[in-house]
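Consider the two complexes below, in which subunit A is the common component and subunit B and subunit C are the respective partners.
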Partner chain A sequence: MRNKNGFSNLYLVLVFAVLYAPIFYLMYYSFNSGGTMHEFEGFTLDYYREVIQDTRLIIIVINTLVIALLSSAIATLIAIVGALAIQRTRSRRAKNSLLSLNNVLIVSPDVIIGASFLILFTIVGIKLGFVSVLLSHVAFSVPIAVLMILPHLQDMSPTLTDAAHDLGASRRDVLTKVILPIIKPGIFSGFFMALTYSLDDFAVTFFVTGNGYSTLSVEIYSRARQGVSLSINALSTMIFLFTILLVVGYYFLTRRKHRPRIAEPVAELGVPR
Partner chain B sequence: MKQLVNTFLAILVVAFALMYLGSWMNSNEGYSGSNTLTIYNWGDYIEPELLKEFEAETGITVIYQTFDSNEAMLTKVEQGGTTFDVVIPSDYAIAKMREEKLLLPLDHSKLPNLVNIDPRFMDLSFDPGNEYSVPYFWGTVGIIYNPEMTKGMNFDSWDSLWDSRLKNNILLVDGAREVMGMALNSLHYSVNDQNEAHLQAALTKLNKLSPNVKAIVGDEIKMLLANEEAAVGIVWSGDAAEIMDENDKLDYIVPQEGSNKWFDNMVIPRTAANVDGAHQFINFMLRPDVAAKNAEYVGYSTPNVPALKLLPAEVSEDTRFYPPATLTDRLEVYDNLGKRMLAHYNELFLKFKMNK
Partner chain C sequence: MKNKGRSYYLIPYYLWIALFVIAPVLLIIYYSLFDLDGHLTIDNYVNFFTPVYLKMTLNSFWYAFLITAFSLLIAYPAAYLLTRTKHKQLWLLLIILPTWINLLLKTYAFIGIFGKFGPVNNFFDLLGLGEQQILFTGFSFVFVSVYIFIPFMILPIYSALEELNLSLLDAARDLGASGWTTFRRVIVPLTISGVRSGCMAVFIPALSLFMITRLIAGSQVITLGTAIEQHFLVTQDWGMGSTVAVFLIAIMALFMIVTGGSRKGVQK
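Here is the complex of A and B:
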């Protein structure tokens, strides 16, 4: 038994090493005064200064955050309604087809989604920029959020809503006092999933940005074609540290509440990308 | 429920606060305003100072966006969506845009500085009479080589590439026109040759080159050559200049049989919103001092004659990048061969790649 444990620990360490090594490699060279990722010459904070002084880059970071927050919030709202509608569908066949359609959108290649959006927006006459990026991010986030919320709806016992009805709750009360609190974990995981999708999406965004409006992934890509400048390393380091801070903060917040958390079955399910 | 609503509101508040911050920074930087000019150019293809200078002189705010290939640029311009005022595509892309009626004719009376452009680079096949385009930078396709690794070999002729000493030591750029053109040139045919027998001969000759070819690569060719991964590469002169900047051991030459000369020209798309500003910008870029400053930063060859005098002699007298008329006359621009011929070129190139 011990032996087996030792092996699995080793395996875990390996997996994490593979996952984190590139990030630490990148962080290490963000302090390189040599200007390249070949040799480490000396310590410098020049690239961090460069990032902070680059207003265009900061604006792009802000754009990215705004898009991520807004799009995942809107997508989650739509997904709640969508998941409820799918759950309510009586016919098994219709339900399955709706679910499959939802899944097709998740596995379909981003490039195709992006190209279709580009064509759609230009036909409809929406100017490329903030609105087009927001709309497409909402669109590709909805199916993911639906998938996160649906299992919670399915786990919910129908007797709960029946009981609520019997006790005289209005439809609205059933929704706000019974259903939503129960599926709350799903709503949050849906929101955070959508958030990460939106933050790192390149393929779709690439097609629908325009008029000087850009997000971080697109900007880094176009800069990388000229060779990756170390200021990108510095920026990545800052974003990485910021994310870690958020995660640690979240961890302590949840710990303080001393609430035994129910294991979320969905959280363990990977979503195909 | 309450927690849900609160969280949602908090998210919205944060998002809108960020949005406000973003637009505040935008207006502080002057990115949003009514008098703007949107420029769509290759990545890192202009001296950033010049944009500021232009803004200061005209009061027009420049929105600068970049693309990485003519094809990407074409898609964006064709789709509309964004209104670009000045775009800087390459020669064949200009021919295509002209054909598809994507361009506005230039008002030459608004471009007095056009006289600065070398007549050699005006009125070319992709845009007769420069009705739609004005030269920005130009260059050639040639051989970059590492004298240390090739031990005194002479690359005056394309044929030198077939030398068995170069076994597995040549990098080709992944372009059908470039590679086929090189083979056609080595047989003393035109880079625009449409004769089937000539094309087949070129393919046969290319196949014989296979043992020497190490790889056919894209943009990474610059890094590979600078790191001395191969002794010889077929590249555009602009890339060559960049590679030699990083590794000064290397040298560049345009073989005597002839080659391609390429152009990146400024055009105004039909959808442009600020046509007047676009003309002002083009005229500004044609000013000798501006063109010289730009050429110094970008490192490509400027077609601007008075600008040459402002450049350091070691640059303007470098015949590798500013070849004399005797050589440039022998160089050809890629003609627009039409869809079918182009597909045939691609097919032959693919056959060569598969044989490799």
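Here is the complex of A and C:
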């Protein structure tokens, strides 16, 4: 291993370079006054001004954030219930089938989720737009939040709830005073994962947005299909910086909250949307 | 402590399963039995077995296979080397970070990079190769998809490698195994579960991609994903779209059974 160190470092550097090149490429040309993604002519902030003054875009950003926050909150609530339901199931067989059902939406391709939800909403008679997008974001965020909460629930010692019961706590008290505080880190990471899933989703949203309602991903897609526009670059730079802030914030938050004991299942589950 | 009917609060979750997990699948199957005019028919299934769709399915498979293979080829060494670095957590975070950037933005970047006057073509010019058409080819599709999926391949392999008991490597060396033999006989079998979940995280989405295809490959590459999108949102032929979806679900289920089935042999 010793003499090969130079080569292996080079390989890693190369991988990182390729991973980040497109992102920095976008950022670099967001300042190009030439208006193209080649031949840098001069420095300008025009495209940033354009993004900030684009009221339609700002409404879309607000839409995206509202959907993300609202859907993650609702999904997390349902997921707490779901995790409890799975935990409570005694029969191993029933538990496994519940878990499999839970994971269906995680492993399903987005096109299928999108298409089937489109059928569902049309049949039920829900107008495509805010409600349909919100519902589908809740729907696909629930299973991931369940998977974040469940390990915490399983790690919890059953003697704690027994003790609470023995001391005369009602079921409600056991839930709110014992169980919820213990699984709080899981709830937070579940909410946060749901948030990132929702912010990042394109394929499902694309199917269930009607005319006139749009989220950021859908908007970027339709703009990108029309060709290169540097306002997308400016927008992506802003999103990138915002993302970094979010990640760093989350990193420090979780490092303080709980020891990095539970390997986050994100890696295995993070099917890109 | 059996459920004594006091578990009303579990209802939302079961409702979610019924409405958003079970119902959609049933609806897809149901709709696959109708043609454009709403008549009950199995024409869609007959149609699927015509050369157009079979070729498309094969094509889709081939591309998904290529994407998975290249991702694995690049990701395995990267994951391995990552476990050897100092500050692993930091490097891992740096691998994860790009996955948090919107997929469409990253794809969009490649429109510029692979474009006519983009840096890659400039580089080709410099080498005297002249200008090449890179955008809207199968190559660009595979490249961008691999780029997008690499982190999802690295992460599970990384965690499998992290769990690897290092004393086993020492033991292999003590018993006289060469570096290559150790890798082939010890490291790979013990990390195969990570490889498997990585392949799953790449292969299934790769079968159903449609946005990268549309933006980067133009009409050159048609996958099952693009077909579904086309049928649902453009031609409004939900029946045929659902039929393609049914096959995609079936393929997916088969793939999971196949990759999940042989798990017993290699687990610690």
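We take it that the second predicted complex is superposed on the first by the 225 of 273 C-alpha atoms of A that agree within 3 Å, B and C clash if a C-alpha of one lies under 4 Å from a C-alpha of the other, contacts with A are read in each partner's own complex, and residues count from 1 in each chain.
Operating definition for what follows: a contact is a pair of C-beta atoms (placed from the backbone, for glycine too) under 8 Å apart; a residue touches a chain by one contact, two chains touch by 3 or more.
None of these values were measured; they are calculated from a predicted model.
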item: First (subunit B), second (subunit C), both or neither touched by A:Leu128; value: first
item: Contact breadth on subunit A, by residue count: subunit C or subunit B; value: C
item: Subunit B versus subunit C as contact partner of A:Leu70, first or second or both or neither; value: first
item: Touching partner for A:Ala17 - first (subunit B), second (subunit C), both, neither; value: neither
item: Partner chain(s) touched by A:Leu118 [first = subunit B, second = subunit C, both, neither]; value: both
item: Which of subunit B and subunit C A:Ala94 touches, first, second, both or neither; value: neither
item: Contacts of A:Ile62 with subunit B and subunit C, given as first, second, both or neither; value: first
item: Residues of subunit A at both interfaces, subunit B in one complex, subunit C in the other; value: 77, 118-119, 225, 227
item: List of subunit C residues in touch with subunit A within their complex; value: 3, 6-7, 9-10, 12-14, 16-17, 19-25, 27-28, 31, 74, 77-78, 81-82, 84-85, 89, 91, 93-113, 115, 117-119, 122, 147-152, 155-156, 158-159, 197, 200-201, 204-205, 207-208, 210-211, 214-215, 224-225, 228-229, 232-233, 238, 241-242, 245, 248-249, 252, 256
item: Subunit B partner contacts - residues on subunit A that touch it in the complex; value: 55-56, 58-59, 62-63, 65-66, 69-70, 73, 77, 118-119, 121-122, 126-129, 132, 176-177, 180-181, 184, 187-188, 210-212, 214, 222-223, 225-227
item: List of subunit B residues in touch with subunit A within their complex; value: 1, 3-4, 7-8, 11-12, 14-15, 18-19, 21-22, 25-26, 28-29, 31, 38, 43-44, 63-68, 75-76, 79-83, 219, 223
item: Subunit A - residues contacting subunit C, complex; value: 1, 8-9, 11-12, 15-16, 18-23, 25-26, 29, 36-39, 77-79, 81-82, 84-85, 88, 98, 101-102, 104-105, 107-120, 123, 139, 142, 171, 196, 199-200, 202-203, 206-207, 216-217, 220-221, 224-225, 227-228, 232, 236, 239-240, 243-244, 246-247, 251, 260, 263, 266-273
